[in-house]
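These are the structures, in structure tokens.
First chain A sits with chain B, and in the next complex the same chain sits with chain C.
After this line comes the complex of A and B, so read on.
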């Protein structure tokens, strides 16, 4: 971990327009929860809001955060200023991951807890279940998307396709995708805390190990890509 | 004192060869990497900076391969041509981040020292996004100098820098070279290279076309007629004397004054011209080489 890289990444996240978009997404989720809870009885509409926050908002926040800490610098080559230093590439990747992870937990997983508590104050367990699901999935999402950002300049498109098409649409149709869907692993963990979250049926052990493997593997891969970073001229 | 050595280095991208069998040694002092746009200068600098793996051959810094050798950056300071995209940082924050990444004991002091070397202490509190091209260039240089490197690699450092700042930068590079650092910079402009570097490496179309000081490179071309314009107080008298010289191939009078001289051996010509002028009592007011441009050097070297 490198404190300077972490600080620069956090500044990159907070600055620019991406920062505003990142803040807007959890804002919408919590606002929706407040509106729904004001208009309906206790607990109604919970599933819809949680689903929106978990399957849509969370991966998008993770994607934007991971892409923002690495993507622009790799795209325009200015990461060379960070890499022309006697600092381990893996330490750079881990620091960038830490910044993206922090944003994902704070702006992707935490809103699940807040909106859950707003919607059904009588059952905080359910809200914590969704938070745990979001934290586990967010941890793996942000790592995977960081690796994508290190791999391709089309990370945002590829990441969206993965989150929406693969996990969202196909995941609903084909049950087998739960074995290779980050969202399913998160739910599995959330269901341990509150069965209302609805586990995917992979088993807790598998879900935790799979999430860990994806996280560690992706961050390692990102670091390895940085080791081989190639500076190209305009010529 | 550090030495960068390239041994028969090639780099290709698919079917495109960017650098072709280049061998060169970059020693302490200032070296100019000269070549037209697209000649492979940036590729060579990327190879020397460890940001590109050679497809063939070796690139070493003091005998150690540079590619994937992270510790080499303790010795190397790199000023890439790439723009800074850290517009949300102030100049001082950016240079200080570089100092911290180098793990310096006193990053604050190193930051101020580097900023003062490039004369950027005063605007350092402003965000990089508000800087002019020349200021960004100087902040880039400060970030490369912050750890007092023995090797300084600069890709087109004078591009877009205004003339006053250009002179300042040139003086700075000369000083770095005089201090015993190994300084290499690329340029496609002959005058820039001549003013800063004694040692010049010429690359054309990915090949190492020539190496030496500029005079040597010019002497490589002595079998090619060189054109001069000589303006005197008596052009006709000088022209009639010059045509008798072995070194002179052709002479013609210019309508607006002056003599066009085509010379096959400019070493001999340089010795003979002042003598002839004195013997004939002709005063030379002006002597200008008319094709001493980089383009003529390049086209000659490519044809050779």
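After this line comes the complex of A and C, so read on.
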């Protein structure tokens, strides 16, 4: 972990238009929760809002954050100046991961808690269940997407295909995908706190271990990719 | 042979006529440049004429998009159904994630790169106005999106005809689906093009486009779901106006055999749906032209 790289990555995240869009997505989710709770009875529409925040907003925020801490530097080639410093590539990867993780938890998982509390103040357990689900999934998502960003220029598209097509569209049709879907692991953990979250049925132990393996493995892999990094031109 | 370096100091420099000639052939005008730009753009959207690695993504997405249609075709042939298991207009709604990712990922290829690398000034040094450049790029992306949308329809139509389903009925349904596909392609092209001409960072443009398309659709779907539970489907009807995919879904429900929550119920609402789709596309195209005009004058 390197404080300077962490600070620079956090600045890259918050900077300019990217920061605005990053703030906008959770803002919309919370706003929707406020509007829905104002217009309907207590708890009505909870599932719809939580699903939107968890299956769509959370992976997109994680993807945006992970791509933002690594993507632009790889794109314009300025990452060589960072890699030329006598800092372990793994500690670069871990610092960048820490920045992306913070953004994902704050802007992806926290809105789940806030909108849950807004929609159903009488049952904070449910909101905390969704928050736990979002925190576990967000931790694994941001690590996976960081590894993708270190691996390929098409990280964003591959990440979207994974989160939206594999987990979203195919996950709805093929139940077995829950074993290899980060979202399902998060739900499993959330369901442990509040059964209303709706677990996927992989078992808590499996979900936690799988999320941990993906997180640690991805961050290690990202560092490893940076170790053997080659700059390529634009296609 | 005299030493060439000796010529200059003594002031005996000579200009040799090596026989270079200016170009004397016909000079094509703006229209031809625009056409060439549109054709190249269309090819580039699928990675044709670019490196092998940039062909992978569009063709993988195209294959994913056609995959369900091929399966449907196979099922039709093997089991011999008397109607298509998925209607033509429903198809684009089913594959909307792939469709969105395709448009979002290929729009920066056409709109961002020239701006980011400054090559736009080379294009504009020709007798080509900025607005024509924008229109040519837009037409290229529109054509690519249409290919993406229409191929599955054509495939399903061919399977339906080969399976000897009722020709008149199938032709009518496929025709409606094609009209809907054109509307959807117009609005998707406009939104993706506008976003990637404003944000020249590729990854950022992709995520922003996806966020507008899918989160917008997600919010509208959530509102429609809640409003139909609450028995206030009129609210859902109005909410459907606020995202491209829900507009498409609404019109597809009204004009073709598609099921959706809170579809437009009156003829006036249907007209409004179509009007918003066309108006949004036109506004995006206008924004695109304006953006490139500003770049040209800057």
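Going forward, the second predicted complex is superposed on the first by the 230 of 235 C-alpha atoms of A that agree within 3 Å, B and C clash if a C-alpha of one lies under 4 Å from a C-alpha of the other, contacts with A are read in each partner's own complex, and residues count from 1 in each chain.
Throughout what follows, contacts are C-beta pairs under 8 Å (C-beta built on N, C-alpha and C of every residue); 3 or more make two chains touch, one makes a residue touch a chain.
Keep in mind the model is a prediction, meaning the values are calculated, not measured.
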item: Contacts of A:146 with chain B and chain C, given as first, second, both or neither; value: neither
item: First, second, both or neither for A:103, with chain B first and chain C second; value: neither
item: First (chain B), second (chain C), both or neither touched by A:227; value: first
item: Which of chain B and chain C A:219 touches, first, second, both or neither; value: neither
item: Touched partner set for A:72, first chain B, second chain C, both or neither; value: both
item: First (chain B), second (chain C), both or neither touched by A:86; value: first
item: Partner chain in contact with A:155 - chain B first, chain C second, else both or neither; value: second
item: Which of chain B and chain C A:32 touches, first, second, both or neither; value: second
item: Touching partner for A:13 - first (chain B), second (chain C), both, neither; value: neither
item: Chain B and chain C footprints on chain A, overlapping residues; value: 72, 234-235
item: Chain A-touching residues of chain B, taken from the complex the two chains share; value: 37-43, 46, 49, 51-53, 68, 70-74, 76-78, 80-86, 88-89, 97-98, 100-103, 143-144, 155
item: Of all residues in chain A, those that touch chain C in their complex; value: 17-18, 21, 25, 28, 32, 36, 40, 44-45, 48-49, 51-52, 56-57, 60, 63-64, 67-68, 71-72, 75, 154-157, 160-161, 164-165, 168-169, 234-235
item: Chain B-facing residues of chain A, complex; value: 2-5, 7-8, 11-12, 15-16, 72-73, 76-78, 80-89, 227-235
item: Interfacial residue positions of chain C with respect to chain A in the complex; value: 50-51, 53-54, 57, 64, 97-98, 101, 104-105, 113, 117, 199, 201-204, 206-208, 210-211, 214-215, 218-219, 221-223, 225-226, 229-230
